[in-house]
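Two complexes are shown next, each including chain A; its partner changes from chain B in the first to chain C in the second.
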Partner chain A sequence: MTTSTAINGPSAAVPQRSPLLRASLGFFLLAVCLLLVADIEITTRDPWLELGRLALGIVTPDFFAVEDLAQALFNTIAFAIVGVVLGSSFGFVLALSFHHRAVRVFCAVIRAVHELFWGLIFLQVFGLTPLTAVLAIAIPYAGIFAKVFSEILEESDPAPLKSLPSGTGTISAFLYARLPDALSHFKTYTLYRLECALRSSAVLGFVGLPTIGFHLESAFAQGGYSEAAALLILFYVIIATIRVWARRQLVPFYILVSLIFLPWGGSISMSHVATFFTHDIVPYPLRVAETFDATTLSALWAWMTDLFAGQALPGIVSTVVLTQIALVGTGMLTLLFFPLISPKFFGTVGRNIGHVALVVIRSTPEYILTLILLLLWGPSMLPAIVALALHNGAIIGHLIGRHTETMGLRPDHAKGLNLYFYEVTPRIYPQFLAFLFYRWEVIMRETAILGILGITTLGFYIDSAFADLRFDRALFLIAITALLNLGIDALSRRIRARLRLKSRLDAV
Partner chain B sequence: MIREMFKKFLLSAVVLLGTAVAAHAETFVFTAIPDEDETRLKTRFEKVATYLSDKLGVEVKYIPVKSYAAAVTAFRNDQVQLAWFGGLSGVRARKLVPGSQAIAQGEEDKAFETFFIAHNSTGLKPAASLPKEIAGKTFTFGSKGSTSGRLMPEYFIRQAFQDAPEKVFSRVGFSGDHSRTIALVQSGAFEVGAVNFKVWENEMKAGKIDPAKVSVIWKTPAYPDYNWSIRGDADKRFGAGFTEKVKTALLEMKDPDLLSSFPRASFIPASNSDYQPILDVGQKIGLLDE
Partner chain C sequence: MLNKDPAPLLALENRSAHYNGLTALSGITLRIQAGERVALVGQSGAGKSTLLRLLYEQQADEAALVPQDLGLVNALSVFHNIYMGRLHKYGTAYNLLNLIRPQRKEVEAVRAITRSLDLEEKLFARAGELSGGQQQRTAVGRALFKGAAVFFGDEPVSSVDEHQSRDVLKAIVDRHETVVLSMHDVGLALAFTDRIVGLKSGRLVLDRPTRDLAASDLDDLYRD
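This part shows the complex of A and B:
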């Protein structure tokens, strides 16, 4: 249990504030200020009307309305499994050489681009093929796996290594002393990633790949809520039973089945792949220039500055505004959610209800939550803020709630609100902040993609560039998004170091 | 054991890719831009595939796509050889595939229109020109890549106000498709919207529009729109005269049930040059590079 002396025990009017509290207040005040300037209007005339229809749809799911339902479910699962197998394999190899700076930077870059953006890129290269979906998942996941695997290896118990006789080869030492301890962590983390991959796979349907997201989008767009409810219910069942069907021994079988039954139809032309990389993504002024001279250079400069001032900058501003508000919202909801599943506050029945609620909220991809709230409230930042806070709050709330299970209390401990405010919350607070700062960069990545739904974050401009088939612009804006993510990641690391927050990443 | 498995794995991958490529060469694939109600796309267009298959004597398949850009990309990457495009997406696609041509259009596409629609609470009345009072209202286009839902309305807005839509309106959205535009304006989520006139008429007939809530305030001048475009290498792949056969099959499509998928009264011949006005407008407002 991490403790911080500054916030432990009753603070009898001590004027000195802890750095944790100062940081929290700083972030909170910033979010409040941003909330004042952010666009959070509810624009629909009757927000409750749509909610009524949605509720009706949820209680009357229609499992027969969706065309090709079985294929869509199969694709969703198969893309996720193949994506995770590839991602974890490459991630493992990269983790072994993670001490090289180049590898670390490479991994940071590939994971700074959201899988939906990877999907949009590969759609142009490989078209609507399973390869597009699998790579969109595998590439960013490889970057994440590499980082987490290397952290696990670093933290693995050094005792077995010390007991080896001198002269043991590096490979033997790795296989017999380091790997066994890390392996169980690898397995747990990979299983968690599979759950994430199922969500990614579903969401890839929103940009056209044949997963359940494809049908969910159509259903929501046409107000077919019974159809949407059926799809969501099936999705929850797949996620809830993941421990039953995701077994290591079955992986080769799953891969084989995926290879056979995925719709691989449609050839991939290498010349198109080449055209994409050597022509399409080259900035327009360079592409049409006959010679590379001062005129070309100034045209290129104008192209870049126009794009930056007209699209990237407003995109960055909304992305940051939305991220900061959503981060604080996530924190507040986490503090509200964690007691729901904590034995310190609720009995078995209450906790089970809490568990179900949190599982449903966190299993619903934030992209889909935002879409639903956009239908209810109309276009503004509000749906995105609430969706991001709910989804991420449920994830961290779950972790913190589990964390309180093992927390020891004095026999004469306080009860109810007193217990919550004066004991449990202060004790979990460092852990809570650590999780929240880890999640910061994830929230920003998600904020960017929500632009595809029409909120003017960076994703909005990226989606527009893809819609206009201007891949040079799309790539430029994706690169800027990635840089922004890397910046937040570095900032978060510094703040965590400054506040001396430490926690295992594999839980997030 | 593992090596065995890996061998099998590779073998099946090669065999699968091989058969996929082989099968692909014999199948004629088409798609259509997702411009309205996207549910049951397959049911609707598979009937068209069956019709074409009978007429052409080759296997015809339809694949659904999620966006206008995806339809263009599929055409460019040869995943489809024929597509039902909008005016703008057709121009884009044909620019990317040398030799490709527009072979047919709907009878209505010679002179297509966009309807500007408004929620009745705005008090906007039908007018002969774009009402100046729409300035400052909230406004939604259709899809970002749509001709009737984006390109032409943006052009007319820029003409009337000499400014970008984001400057004219208090909020600009992209609904995604024409059905959705109508739904959003009808619900009041947006005050004004621009919609494909065929979809409006169709939904009006189907009773999906409540005239007490939403009505047409302006009809644009006519412009050319949707078209069937085919890749330039179709004859080489499917035999001499294949393009002509496809064109005939489309022009001879008389079954109202099939035509309602588009929805068009019938198809008439078209050519690339019919769409020069769209290309010009696209370049003028900066949606197409020169």
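This part shows the complex of A and C:
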């Protein structure tokens, strides 16, 4: 009694706004201010005409227009599976040594670089080969797996470990008392990651790798909406049936098939690889300098400041502006989406419609959604904002909707909007904010990538540097992007700790 | 009463209830008239909650209820939780406004309720930060605020201390025409109701006016 009085103090007698609400309001107002300065104009002359053509394409999918369709689908799935198998294996090994600071930092750095940037880097080294695609997925995923696996291990029940006889070996103790409990969580998370990898694999097609993204890009570019619709429908079917075909027993078979049928050959020149790492990515002033002296150093400094002021800084500003608006948009759409699949608001029929809608929205990679909206509205930040908010809102909305399934309500609970505002939303709000803050860093990583489509975020400058074969600049800008992601990640962790939000990553 | 046998407010005819294949209630026949104050007593597991729920369902649209798990929204203040008792009386826009900015009129109305429950200084504390007894009084407050004629409470004062229990029960019986409470505290049941219904292993074994009963008469209910 005394302690609770002390906590609430005399302030409990007057209205007070909860810290969660204050934080939400702060983010909301910031986003509104940024929206005033952001470029969100619709520049196409007739967006409705294009939408009409798109809708026509969706209802008349043409499954026979794409050449090499089977090969593209196969590649998409094979890259994802091999990437996840490699990523989860290395991630598991890294998770075991996650208590070392160096390992944690290493993992944070490799996952701070988006798989599409990894793809662009390996493209210069290994060309358009399966190795490029597999590494682009496996490397950042290893960093993510390491973090999540170590969290799962940390949270597994410590009681069995304590009850082992003293003298039990470390490995035996791990295998008997820790792993069994964590294994089912590993499985669930790996399956979720496989779904993500399918999206990553598809999007890698946009930088030229032979997955369905490659065909989607040319279909969209030529206005072949029936062809694009067919590709997307097949992609949804693959994702929707993932539980049917992604079985552990079949993994060795899939790996074998991938090893045999993926066009591994290609021509990887080792001297080319060496040149890239020892020459191409070295900052230009260092590369041409004969001696390392004060002149070289000042040239390097000028190179860095030029690049920072001319490209990195404007890139950072757009990336942050877009991220903050998209984050708030995601939150608002999440609160709109979650009732669609919640038994507290809709019956079976309504919920099934909601499920289908959310699955379609979240299965479409943000990159492809943005591309579609760019066609409708022309180049500005608007397509990216809407695409990011839709995709991420559908993901978190799904999780929150599921969360409401187990929520107990009193028999005389309120109805309709009163139920939504007074009973359900206040209960899910902390969980909702936790998910949203986790997603912050993911949204920022995606925002940077969308630059490749012409929006002037960091990805725009990185893509241009690659196009100009200025790999030193590209690498410098990628490093800046990674630092920005690490910064947001740290900030998000602090805010979550401050607001005392649940700190587990789960499946976001 | 002038009518010899007026239509009862609540009536059960030879009702049984089952949970996961187990019998919770068997062959219950019970009539409760408007204006009665009834206590359902018996050991835990005797079927009190099930019987209360069956009775409540007959008046679900009109009655106020304090369920055993309270149904509080921990993230909202005591004020908002109590105000929820009248959500159905106002338009959604007003409810939304009151959620964002508590309206003076409602604050005063809810304050009066909290005063009678000794909760006034917690008016704007979040329900999740309260002690068990305070949470239970908040749930009672929500039911009182509904202003219904019939009150159902499933152990509504089980976590409240003896002295406050009496105040809370007094507030409940003073403000409702008909009251049905499930209780484990026989002394309080005898003090605040005028009819005792005793359950044992899902059967109705006692149904008598309180004035004819002493605490010792109920001992059989608690004997195996």
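Quick note on the criterion: the second predicted complex is superposed on the first by the 493 of 508 C-alpha atoms of A that agree within 3 Å, B and C clash if a C-alpha of one lies under 4 Å from a C-alpha of the other, contacts with A are read in each partner's own complex, and residues count from 1 in each chain.
Definition applied: a residue touches a chain if its C-beta (ideal position, glycine included) is under 8 Å from a C-beta of that chain, and two chains touch if they have at least 3 such contacts.
For clarity, every value in this text was computed on a predicted model and none was experimentally measured.
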Chain B versus chain C as contact partner of A:His272, first or second or both or neither
first
Touch test for A:Gly416: chain B only (first), chain C only (second), both, or neither?
second
Between chain B and chain C, pick out the one touching the greater number of residues of chain A.
B
Using the touch definition from the top, say if A:Leu49 reaches chain B (first), chain C (second), both or neither.
first
After lining up the shared chain so the two structures overlap, which partner does A:Pro343 touch, if you call chain B first and chain C second: first, second, both or neither?
neither
Of the partners chain B and chain C, which touch A:Ile255 in the superposed model: first, second, both, neither?
first
Determine, under the contact definition given at the top, whether A:Gly487 touches first (chain B), second (chain C), both, or neither.
neither
If we overlay the two complexes on their shared chain A, which of chain B and chain C does A:Pro426 touch? Say first, second, both or neither.
second
On chain A, the footprints of chain B and chain C overlap at residues none
Parts of chain A lying in touch with chain C, wherever the complex brings them together
1, 4-5, 7-8, 10-16, 18, 20, 408-418, 421-423, 426-427, 429-430
Report the residues of chain A in contact with chain B in the complex, numbered from low to high.
43-46, 49-50, 65, 67-68, 123-124, 127-128, 205-208, 214, 217-219, 221-224, 227, 252, 255-256, 259-260, 264-267, 269, 272, 284, 378-379, 454, 463-464, 466-470
In the complex of these two chains, what residues of chain C are touching chain A?
53, 56, 60, 63-65, 67, 69-71, 73-77, 79-80, 84, 87-88, 92, 95-96, 99, 101-102, 107, 120-126, 129-131, 134
Residue ranges of chain B touching chain A (in the complex, touch as defined):
5, 8-9, 12-13, 16-17, 20-21, 23-24, 37-43, 63-70, 72-74, 76-79, 92, 96, 121, 138, 143-145, 171, 173-174, 176-177, 179-180, 183, 187-190, 287-289
